[in-house]
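Written below as structure tokens is the structure these notes are about.
Chain naming follows the written order as A, B, C and D, and within any one chain the residues start at number 1.
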């Protein structure tokens, strides 16, 4: 039984019978996934390890291409166009679909250059334009105040929480439409986690956000829809309150009650 | 008597072996330090500005070794300038542009067997190909191309090692921000790997500076100050070899050897400093 | 933008091929120039002939092959124990401080040009051997000493790395059983590091066999099969370097053929090294 | 959304890492290198380099004398194109002229087959001196005795009137001008012993003899100095006078070989060498010249 969110051409991201496999078909990571995400919504994906959550994320921005022997069937649409289409410019795709990784890792550059990295690669040269983009991105990621007078010092010396917000700013600087976050707060202290969640809530209206997490409380706190993945299938999808209180599928229930991690 | 319990016999054996090991360590270091010391001491009296800055007269019996110094520096730098793009390019190709397959195995095999070839064979090849076939004659260029082929494997190996130390997550971040492969290489991979690559190039230069067999057949042995890279040149080791073997001037021979040793030690020490500075910086960053 | 990437990829593929191309060119040119000699003299006569007198078209390089192996064996006898002993001492017994001083010193000294070793051999070792042991002084012994010292740095640093690669837990296990330090090294560490040490020995052997200038200065270069340590000897590499300037026609091709033989020996050495290292570690 | 128009404060000294700019130039560097080596590998007439410098290559026996002449020539005629002297051996010199790698070849032996087509100019003669250690009691040997020693038939100095010590024979490598001359003038058909020590230059032979009381070798007379003793051959002292008088017969020619269309500057150097000044310089260095 795979429940699908309201379909319709107006959704931002849509998977239609999307399956994904590694090692030349040996290991099946996703089984004919059907899922639609409305623009400006915030979806949290939960499920035990190996349920295909990260694979789905890395399929959306095609980072999976870097792995040898991957294959997919079905379609994965962004604004109605298949991301695996022939004429898709992967670099452009990755700019529209930004990603924040689990471990907060700044590039070995200054704070300024970290954020300006994406725009520079897009071809933006002018100093003034870069300055405004960087400032806007840092402000949106709510870290500008803390770093505005040491923009050119190395980003390595920031704290874990700051580095993750810098990573968010890095993505925002490229002006994405969708933001993917792969367990962004798993390595952070509770205070930083709350601040990241607060930022996500604010960004919700401007961007389509897909968040992968292990922490049910996080899903509840940011009041998002929750999609439950299990062994590569979408088991259930619906508002956090409903999923946690009245799980339809026993597998969801077992997961929430902590029977298996 | 179980082999693992400390019996009387093994205690004595232990002491003897320890003494032997300490002796071999002392001997190894002493011999090598003695050689450097001996050359420096013998060469020192001749080492003055005149010796370094003037040209030789009477076939090197008197005068200085300026042409050889200039020749060695130009020849080594040119060979590094040729080997660096090829070596680093190969390393980038092996790490960033291809997966381990038959093609990369062929390149690796080529590089490794090139590394095993003795310098006399490079000398023969350089003579046949650059001097005669490509009609470059005995010249700095022929010598540099020959030396470049010799140090290419070293540059490839050290560059590849340096590139592999760059955490893969940096590449992921760059790609995820819409960076292309070449942009990722030039903006993220190479800057982090740069110290390792530079060290590799310097070590390669260290080896090239002391080379004789490959250079005698390709760069020639003319004592005149080279005007362009098409002129022949007698590098320091070759000049030392000729002066020493032919008894033309033992003092100048030692002087040349001392200059050569200082050059080689300076090059290796600078490579060493970079390694330590990078290791220290990497520790402090973690 | 996309075509720039394609261009870079093509260019890097070409650059990637540079090492293979150079290797191909070397094999092509050396073999092209050397093979006619095999044809004319006959491979078997060439490799087993004991008389080398190009003027009289006597072209046998057995004395040089024997010379190369005897000199290299001598170099290993001198260099291996000393190098390995030093590596073991530095890795297992020396204090961190002494190791931190001695190891870089030895590595720096790896940069000493071979002609310097040759000259030290010529001015110090040859007269010493002549006066102390008799004979002309130019000998297998002198070559072995010079080459043995030359391969020390390679032997020490590669063996040291092999020994350091052995996880500490191996040593602690033995010490816990009450064995002495040397017992631990002998029983556990050396066997575990053997592939690395073998690789170091083969690397050192490769360098010794390939050395030219230093050997010419101390070996005496006579075309006989050495029967005693005090006999003068000529190696394959010296044979090439000595006569290349003057050789013409068949004589010159024979020198390139000598180069081919040397190349084949070195390739066999490299292959055994790869098999030894890979075979053991898997 | 309001954003302050004030530019973000960037302190100059905290510029991003220097590595960035080097690396932006990296692809350009690669292209230059490839273009450079590709362009240079095109054939260029080597002999007539841009500045018309003259390359003289060949016998290592002639090389020291040619270098001395080149030094004098450059000193006297600084405005003329410089002379590059290369070693490499007689055959390498002949081949260099044939392939155009050099304008003038130096031979210390009669021209070989392939070199017959070149014009041959004798610049001087060099006498071969048989040398022993200064403390060796032996003062003279007959050519037969010398042949027997170098062929390995005599192996102890006592057989030729010296102390009872083994003789250490030191010879030159096959093909070198000095060795070829020695084979022709002394060995006359028999072979130098395979056991003989071989050194690859006259200087090295001299050093080897100077170091070893029991050594005997042969070098060009011009290189004899007080560290070795030149012995009488068939009771004739190896002096310039005896060479010119013809009584000392161990003589070999020092030759220049060139192609017909030799450049004017090349011919000018040869004229200088053949001029009285040039010949005197060679005579001072111990060579046998015709003009005295």
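Convention: a residue touches a chain if its C-beta (ideal position, glycine included) is under 8 Å from a C-beta of that chain, and two chains touch if they have at least 3 such contacts.
Computed from a prediction, not measured in an experiment: that's the story for all the values here.
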item: Maximum inter-chain contact count - chain pair; value: B-C
item: Maximum centroid distance from subunit D, chain identifier (CA atoms); value: A
item: For subunit A paired with subunit D, centre-to-centre distance based on mean C-alpha positions, whole Å; value: 75
item: Computed distance of Cα centres, subunit D from subunit C, in Å; value: 30
item: Chain centre separation in whole Å, for subunit B relative to subunit A (CA means); value: 48
item: Of all residues in subunit B, the ones touching two or more other chains; value: 85-86, 89, 180, 182, 187, 191, 245
item: Touching two or more other chains - residue numbers and ranges from subunit A; value: 91, 108-109
item: Shared-contact residues (touching 2 or more other chains) in subunit D; value: 17, 20, 27, 30, 87-88, 199-200
item: Residues of subunit B that touch subunit A when the two form their complex; value: 99, 167, 169-180, 183, 187-188, 191-192, 285
item: Contacting residues of subunit B [partner subunit C, same complex]; value: 3-6, 10-11, 13-14, 17-18, 20-25, 27-29, 31-33, 35-36, 38-39, 85-86, 89-90, 92-94, 97-98, 106-107, 109-114, 116-125, 127-129, 133, 149, 152-153, 156, 180-182, 206-207, 209-213, 216-217, 237, 240-241, 244-245, 253, 257, 260-261, 264-265, 267-269, 272
item: Subunit C partner contacts - residues on subunit D that touch it in the complex; value: 27, 30, 60, 87-92, 94-95, 112, 114, 166, 168, 173-177, 180, 183, 191, 194-200, 208, 211-212, 215
item: Subunit B contact footprint on subunit C (complex, rising order); value: 1, 4-5, 8-9, 11-13, 15-20, 22-26, 29-30, 33, 81-86, 88-90, 92-94, 102, 104-120, 122, 149, 152-153, 156, 174, 177-183, 186-187, 206, 209-213, 217, 237, 240-241, 244, 256, 259, 262-263, 266-267, 269-270, 274
item: Contact footprint of subunit D on subunit B as seen in their complex; value: 57-59, 81-82, 84-86, 89, 131-132, 134-138, 141, 145, 182, 186-187, 190-191, 194, 220-224, 227-228, 230-232, 242, 245-248
